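Next up, some structures in structure tokens.
Two complexes, one shared chain (chain A), two partners (chain B, chain C).
Now for the complex of A and B:
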């Protein structure tokens, strides 16, 4: 067997190590710069509307920024597991959150980024239908966002 | 034949696409339309979307191919007269017949069939001979292995043999994937050229399980590109497979692979070809579809020419698209073997200094079939020809596919499905492949298979609510008319039998379809459940293959008892030159 597949595994494991899902356990968080995210945001996860969820989580609205790089497919191959990732060149990132506008609850995931951790999150979201996906990066106490439409189609009918 | 030759003599005239020169009004003689002026130092020949049509065919180009928003009135969204005017083609010429639907039936009798691999072989060899040894390359954009009953039962093996004899050196794919990984790989073992796809990656699960890949570090399943030496220069051909294979087709055929446009990966790869491999030219062999290629050309830098396919657009001249790095030319080379793209390049160190492009119609009557290819075609067809030669009907009208919303072939399929499966409504996919049958000519099983031969032909009947039916119409309509081409999958609107509706192409998803009604005129009710028949479902189905269902219906002699008519009313596209007779 060639050694390459091992490298692939390593890459995936490394990638996984940078991801810590908030709410999975009592991770030792450093005190937050912003008001949000110092405890499990139960309320925000329950809200249906995206703007309401953002407000509940962060207390204010983000500004769009090209420093937030949101990678998502134009058309999902499987709406049940849509691969969506975010990287950013912003400094002092403390959290990254994902919102799916027309899911039953808009807030899909929120990650706390510990000091010294690469601000890079890859996750797979379940999407009910075609809608916008928004990623919010909290950096140095400010909020930045990127949005992309992801189409969830019934499929078929290719030329 | 003599009369036909005279017609060509008088009327043939390939629309010349000399980008660096003003367009000349040509009146080439029949014998010389394939005598191309020498130009440059490298020639790339391009076939695409031949859909395994081994013998010459009639194929009517679309009468409705609407572009909305930025795409309105721009190639490829021009049909009929608007197309002729845009490209300077005379209305009574052979080219008008080859490139448009204009007076199709009249011209079909004058100019005959196009394509056929034996004829194509003669033309390819001639054009490669003209450019000299080591100066030419033949590439295929995919949809080579599917489209006929023969290709379907042979799972594309027939076409691999044909491709080898034709001399295809690189290809990418779309329907090739619908035979599944094992068949695809077996066929590629026999294929003498390279199968290229920069945009097919292992899924994370497959990568974790060490599934086979060309490059396990990146997860690329296939080789992304090949560098060919042409006339002393290095030309990179990058493959771009159809980005939406697991969405447009059942996912079970490609469970380990993830597709997509993969713009960023493409840019990285092109940069590395330029920076590390120091190639002199980069060509993208694409199955994106023309609208997607036009957008991609505006965003990805470093590509000289995109040789495009998928949307079956026969575009005589490249579209020049500006981007941050320069200009990229975008072409699309039609379908069914009707055309051969000829890209002549003047190569310099590290750049393409000039380009000439022609999309040559393959007029079967002007080309002597290559004997070796004719023999091969005869041999692969022999075991099945007798079985499929039975006449099953004689249509009393022209049968064609294409047009955005409806066509007689699909209306016939929907009529047959409704009658045989006792359903109120029938849905048939908006495939663009399939050939044209002339009125009054016998229709055989082989002809019927050329409209239906796929690896998931099972028919079904199911109950759907009116709301679900409208949702399907909206969903597919967005694949055609989304303002952003990256959200379009190509293909045409799902064909609806027993159902009429109004469509507003430039509205948003959810608001394009209105006034949906049953064939009796009664409005579709959102909550009522209807019996719906169909085929080519992306979900597994168990019913009889669609060709057997349609053949059974045709053998009963019923053919067209219903009045034909698309039942689709268009709104908001008055004057759009993507509709014949408008613009």
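Now for the complex of A and C:
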């Protein structure tokens, strides 16, 4: 981990610059937001709580929208492999993320969508127990979400 | 060794549909083996799809993505015969790359 000290220094400098420019506090979070769309969101993946993870990844809360269509099974017999997909009719989508509220860490996957890539993703996630699953779509700088409960018969986190 | 990546990219007019399966344990770090020892976390962190020199789709993954991950997406602007390059890196520094032709 040799690049660590440099990166930390850069983050601190960035943070300082942000504070200087905007006169805002919230120092540790400021650089993380800037990086949310072009770098692996290390911090967000470590947070347990869904709201905290959303904040770390995006810096704000989403609003529920019926334009986000989340497809998940009502009952998952095997929590280790739960097919989840999302599509949206929203324009200018830049990212889509999946959160599993009851997992040891809520953020499961985050996808960066390039211009010309359709805002439609299918993947398979693990779930520790019966839980709410939330998909967040970032479109034109705004956040939209859809949530669905999945009943899990056998958890997928071992133990 | 066979590639860990299996991909099917099919062009349907302007839209290319990509389905990918990767062989990877995606260990969470919560599971114990038969001897009761914790299997350390081992998971893909980043998965990239590039077409014609441009990243079309980038996945950031945590441990909650299922073992042998599957992902499906679609994108515009590619034609039959174009190259699609898929590459992943995991938390232990492992990686793999595969270039497939869009059919």
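By our rule, the second predicted complex is superposed on the first by the 118 of 159 C-alpha atoms of A that agree within 3 Å, B and C clash if a C-alpha of one lies under 4 Å from a C-alpha of the other, contacts with A are read in each partner's own complex, and residues count from 1 in each chain.
Rule of thumb we're sticking to: a contact is a pair of C-beta atoms (placed from the backbone, for glycine too) under 8 Å apart; a residue touches a chain by one contact, two chains touch by 3 or more.
Everything numeric here is computed off the predicted structure, so don't read it as measured data.
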First, second, both or neither for A:59, with chain B first and chain C second: neither
Touched partner set for A:154, first chain B, second chain C, both or neither: first
Chain B versus chain C as contact partner of A:100, first or second or both or neither: second
Touched partner set for A:77, first chain B, second chain C, both or neither: first
Residue contacts on chain A - larger count, chain B or chain C: C
Those residues of chain A which chain B touches in one complex and chain C touches in the other: 156-159
Complex contact set, residues of chain A against chain C: 40-41, 45, 80-82, 85, 100, 103-105, 107-114, 116-118, 120-127, 156-159
Chain B-facing residues of chain A, complex: 1-2, 4-5, 7-9, 12, 71, 73-78, 83, 130, 149, 151, 153-159
Complex contacts: residues of chain C adjacent to chain A: 15, 28, 30-32, 45-46, 54-67, 69-77
Complex interface listing, chain B residues touching chain A: 174, 204, 207-208, 210, 216-217, 219, 242, 244-249, 251, 258-261, 264, 289, 310-312, 429-433, 471-472, 475-476, 478-479, 482, 484, 486-487, 489-492, 494, 509, 536-538
